[in-house]
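In the two assemblies presented below, chain A is common to both, partnered first by chain B and then by chain C.
On to the complex of A and B.
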C-alpha cells in the first residue's frame, strides 16, 4: 500500500492489492467533531477483491468491471481500450474533441483545481483524488501509444505508465471518483476541464468495452428505453400513480386537481424525473397545485419517453444520451407543445437544454426551459401569493451543479426563498461556487457493493459539512426543524442518504426536500401544513 | 455470487440479496429470504407481501411507498417494524420483486 501523499500517476500500473486507503478524512463541524459520530468504512470482502477492481482504493463503482479469466480476455480488454482512446482523439469525437485536446495539451499543473475539488479536499488531500491525477495518467497512456516521442522514448519523455488490465481498470474506477461537477473547470486559469477526462474514460468503457455501472446502464438507460422510465414505470403504472396522487392532494389540501394529460398544443409540457413519482410524489403534486393555482396552460405526457426527464447517458455514453434525448423531443413534438419545462432534476436540465441542444436540429428541436425562472415569474407578478410565516424555520439552499454552475440559473430560487422563508440562510460557498452534493453524475443511485460508503463519507462530505455550517445556530436544538432545500432529484437522494448515514434527521431534526413543496406549504389557504415533518 | 438454498434448489442472489431471477420466487423462497433479513413472517407480513406481488403482477413495477402505506392501512413506522430494511430493500426483497431502479 502506498502513502497517499506520494502516490504518482505512473503507480496505477503497479501490481499491488490496493494502491491507497482513505484514512485522513476532512474533519466535520460540530456536533460531528465528537468521537463516535461517524461510522467507519466497512471491510473490503475477499470475494470482491477476486471478482472486481478493488485495487484502486478498495471501493467498487463499476459493478460490471470483472477480472479477466484468461490472457486472451486481458489482451482483448487492453486492445479495445486503446481503440477507444484512438477514437476519442479523432474527428469522430466532434462534439468533444476541441475542449478535450485543449485540456490534454495545455495544463500548466498549477493545481488551482485541487483547491476547488470537494473530493480531494474531503479525502484530506489524498493524491489519488487530485483532479489532475486522473488527467495525468490518461495523458501518459496517450503519450505512450499515440505520439512519436512517446512510442520511441517511453518513460524518458513522461510516458512512464504500464498499460495493462490493472492500470486501465483502475483508471476506469477512478473515472467514477469524480462527480463531473466542473467546479475545477470554473476555477482553471486556462479554462481547462478535468471532468472531460473522467467522462471520456467512462465513455470508452461503455461504448468500446460494454462496461458501465448497472444502476446507470443495464438498470438505468436501458430500462428507460424499454419501458419509458429508468424506474420501470410503464404507462398503466403511471396512470395509477397520478390517480392516487389526485386523491392524496384532495385529502391533504382540499384542492380538487386533475393532472392535465397529453393535452395537444399546450404551452408547457412539464417533465419530471420519474423517481419523484416513486419516492417523493409530494413534489410533482406541488407542481400541479402551483401551476393550476396560477392558471398555466400545461400538460404532462403519458407517452413512452414523455414522463421521465432523466438521461443517464450524459454521464457515461454519448449514444445512449442521444437516443434518449431525441425520443424525448419527439414526444413533445407529437403533442405540439410550445416548450418543454424541466422540473426539479439537475442533470435533466443539462441533458435536454445544453447537451441535446447540439443533438437535435431544425424542426426536431423544441425549446427547453428550466422551471425556476417560470416559478419566479409567477411569484414576482403576484400570480401566486404566500404567507411566509408558515415557513418560519431555518431553511438553507443547495445549488444543483447542473442548474447553477452549468446553466447560470442562480437568482430565481433565491428570490423565491427570500419571499417565502423568513429564516433563509445561504450555505458557504454558494451560487456558482457551490459544492456538489456528492451524488453528481450517477453516484446518487450507485449503491452496489461498498460504493455508497465512498459517497456518504467522501464525495458527500463537503456538502454535509456545508449543511452543518448553515445550521450551526440551531443544530443542537432538536425542537427546531431545519430544512435543506435541494431542487434536484439526484441531490435530494444524496442528501437523504447523508442525513440517514449520519442520523441527522433523527438526532437533530434536519429535513430535506424540494423548492415547490416549500412554496405550497406557504399557500395562505391551506389548513394543514403541506410538509409532513410539520404535521406532528 | 451469493446464493440461497431452498429445499433442493440453489438460487442466485445479487450483492444486495435480491433474487437474480424473480421467476424463481415461491412461498418457501420467501421464508428463506426473510431469514436473510432476520424476519419471521407472520400474517401481517404476508398481507404486505401479497399486496406487493399483486401490484407488481398488474403493473410490472413496485407501488409508490405512499400508496403502500395508504392501501395497507399501516404507517411507515409500522412497515419498518415488520421489515427493518424498509419497504424497498426489505419487503420488496422478500416478496421477490426486483431491486428498485432509477432515481428513487
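On to the complex of A and C.
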C-alpha cells in the first residue's frame, strides 16, 4: 500500500495491490462525533481483486471493467484506450473540444480547487481524490502520446507516466470518484474545470471501449432506449401504476384525480424521473394534486421515451445522451404540447434544458423549463393557497447541483419554502455554493459490489454533515420531526441511503422528500397530513 | 540587438494572436455555464439566471454588460477568485501579476519618454509648471512604475518558485518545465535589476529605448545584451507555453463558463447549431452501442 501523502499521479501505473486506503475521514458533527456511530468500511473480497480493478482504493465503481485473461486482451485494451484518447482531441469530440483543450493546457496547478471538493475534504485530504490528481494523470498520458513536446522532452514536460492496463483501469475507476458537481470550477482562478477530465475519461471507456457501470449503461440508458424508461417500466405497467396512484390519492386526500394522459395540444408535458413512480409515488401524485388544484392544462405521456425524464448519458456517454434527448423532444413534438416541464430530477433538468439545447433546432426542439418557477408562479399569484402551520417543523433545503449551480435556479424554491415552512433554515453553504449530495453523476444508483460504501461514507459525507449542521438545535430530540427537502430524484435517493446508513431517521427522526410533498401537506383542505411521518 | 527587440515583440503579438485565433475558430461546444454568471442582470448577485422565469423563452433577455465588465476587471486586475479561495497564494501570485502590469506600464512610459526626448523634450526631474511639468511627471511616474514593478514581480516570481519547490503538495504536481517557466521570468527580472538598478530613475533605460526607437544599436554592455536576450526569449516563449493564460482565460470565462447563450429560434446561436448538426466528423467512436443505427439527426 502506498502512503497517500507521497502518492503522485505518475504512480498510477505502479504494480501494487492497492494504491491507497481511505482511513482518515473528515469528522462528523454531533451526535455522530461519538465512537460507534458509524460502521467501518467492509473488507475487499479476494475474488473482487482477481476479477475487477480494486487496485485504486479498494472500491469498484465500474463493474464491467474486468481484468484481462491474456496478454492479447491487455494489449487490445491499452490500444483501444489510446485510440479513445486521440478521439477526444479530434472532431469526434467537437462538442467538448474547446473547454477540454483550455483545461488541458492552462492548469497552473495552484491547487485552489482542492478546498472546494467535497470528496477530497471528506476523505480527510486523501491525495488520490485531489481534483488535480486525476486531471494531471490524464494530462500526462495525453502529453506522452499526443504532443510533440511530450514525445521529445518526456519527463521535462510531465510526460512521465506508465500507460498499461493497471494505470488505465485505475484512471477509469478514478473518473468515478468525482460527482461532476463542478464546485471546483467555481473557484479556479483560470476558469478551468476538472470535471471535464472525469467525464472525458468516462466517455473514452464507454464510447470507445464499451465499458461503463452497468447501473448507468446496460441497466440504464440501454434499457431506456429499448423500453422507454431506465426502470424498465413498460407502458401497461405504467398505466397500472397510475391507476393505483389515483386510488391512493383519493384515499389519502379525498380528491378524485385522473392523470391526464397523452392529451394532444396540452400546454405542458410533465416528465418525471420514472424512478419516482416506483420509489416515491407520492411525488408525482403531489404534482398531479397541485397542477389540478391550479387548473393547469397538462399531460403525462405514455409513449416510449415520454414518461421518463432521466438521461444518464450526460454522465458518461454523449452518444447515449443525444439519442435519449432527441427522442424525448420527438415525443413532445408528436403530442403537440407547448412546453416540456421537468419534474423533481436535477440531471434531467440539465440534460433537457442545457445539454440538449444544442442538439436540435426549429420544430424539433420543444421549449423546456423547470417545475420550480412554474410552482412559484402559482404560489405568488395565489392560485395555490397554503396553511404553513401544517409544516411547522424544522425543514432544510438541499440544492441539486444541476438545477442550481449549473442552471442558476436559486430563488423560486426558497420563496416557496419561506411561505409554507415556518421553520425553514438554510444549509451552510447553500445556493450556487452548495455541496453535492454525494450521489451526483450516477453514484446515487451505483450500488454494485462495495461502491455504495464509498458513496455513503465518503462522497455523501459532506452533505450528511450539512444536514446535521442545519438541525443542530433539534437533532438530539427525536420527538421533533425534521425534513430535508431535496427536489431531485437522485439527490433524494442518496439522502435516503445516507439516512439509512447512519440510522438517522430511526434515531433522530430526520426525514427526506421533495418540495411538492411539502406543498401538498400544507394545502388547507386536507384533513390528514400528506407526509407519512406526520400520520403516526 | 535591434532584431531581438523588434522580433520578440512582434512574435509575442503574432503568436498570442494566433493562439486566440485558434480558440476562436474551434467548433461550437455544448453549453457549460456555471453560476453565478455576471451578465445575468439583477440575478448575478445570488447566482440566478433566466431559467428562474416562467416560459423564459418568451421573456426578453436582461443582460448587463457593465456587470460582466466589472467582474472581468476584478478578475483581471485583482485575481479575485484566488483572493477569495486561496489567500496565501494570492499574495505571491498577485505580487507577480501586479509587478508585470506595472512593468508593462513602465515600458510604455519609457517609450513615451524616449519619443518625448527624440522630439526635443527630454525627460528630467526639473520640470516646474506646464509645459515643464510633463517631463517631471513622466520622470517620476516612470521611476515609480519601474521600481515598484521590479520589486513586486521579482518578489512574486521568487516567492512562487520557492513555494513550488518547498510546498509538499505543489512540488508533486510541478513539472521541470514549470520550474523553468518561473526561472526564466526570474532570470529576466534579475538581469533587468542588474542592468537598471544603479539608476533608480531609468535615464539609461530611456536612452536605450530611444536607440531602439530610432533604429540605432545601443551601446551594449555584456549584462544589457544578456538582459535583452533573456527578455526577448521570454517574449517568444510565453505564447507557446501555459503562461499564455492571458489568452486562455478570456475563453474559459466568456466562451465557456459565462457564455449563457440559449438556442432560440432565429438567434445567431441557432444558425451555429444548425451548421454544427450538419457536420460529419472524420473520426467516429468504436463501441458497439455507438455503431448501431440511430434515429435521424443524431450525429453531429
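Couple of notes before you dig in:
As a working rule, the second predicted complex is superposed on the first by the 535 of 536 C-alpha atoms of A that agree within 3 Å, B and C clash if a C-alpha of one lies under 4 Å from a C-alpha of the other, contacts with A are read in each partner's own complex, and residues count from 1 in each chain.
Just so it is clear, a contact is a pair of C-beta atoms (placed from the backbone, for glycine too) under 8 Å apart; a residue touches a chain by one contact, two chains touch by 3 or more.
Computed from a predicted model, the values in this text were never measured in an experiment.
Contacts of A:208 after superposition on the shared chain: chain C is touched, whereas chain B is not.
In the superposition on chain A, no contact is made by A:441 with either chain B or chain C. Once the two complexes are laid over each other on the shared chain, residue contacts for A:310 go to chain B alone; chain C is not touched. Within the superposed three-chain arrangement, the count of touched residues of chain A is higher for C, of the candidates chain B and chain C.
In the superposition on chain A, A:237 makes contact with chain B only, while chain C stays out of contact range. After overlaying the two complexes on the shared chain, residue contacts for A:219 are found with chain B alone; chain C is out of touch. Every residue of chain C that touches chain A in the complex is listed here, in rising order: 23, 26-37, 40, 43, 46-57, 75, 79, 81-82, 84-86, 89, 93, 168-170, 172-178, 180, 242, 245, 248-249, 251-253, 255-257, 262-263, 265, 269-270, 273-274, 276-277, 279, 281-290, 294-295, 297-298, 300. Listed in rising order, the residues of chain A touching chain C in the complex are 5, 8-9, 80, 83-84, 86-87, 90-92, 94-99, 101-103, 105-112, 114-116, 127, 130, 132, 136, 153, 155-158, 182, 185-193, 206-210, 217, 222, 319-320, 322-323, 326-327, 330, 339, 353-355, 357-362, 364-365, 367, 369-370, 372-374, 377, 404-412, 431-432. In the complex of the two chains, the chain B residues touching chain A come out as 15-16, 58-62, 64-67, 70, 98-104.
Per the touch definition, chain A reaches chain B in the complex via residues 63, 215, 219-220, 223-224, 227, 229-234, 236-237, 240-241, 244, 248, 273-279, 281, 308, 310, 345, 444-445, 447-449, 489-490, 493.
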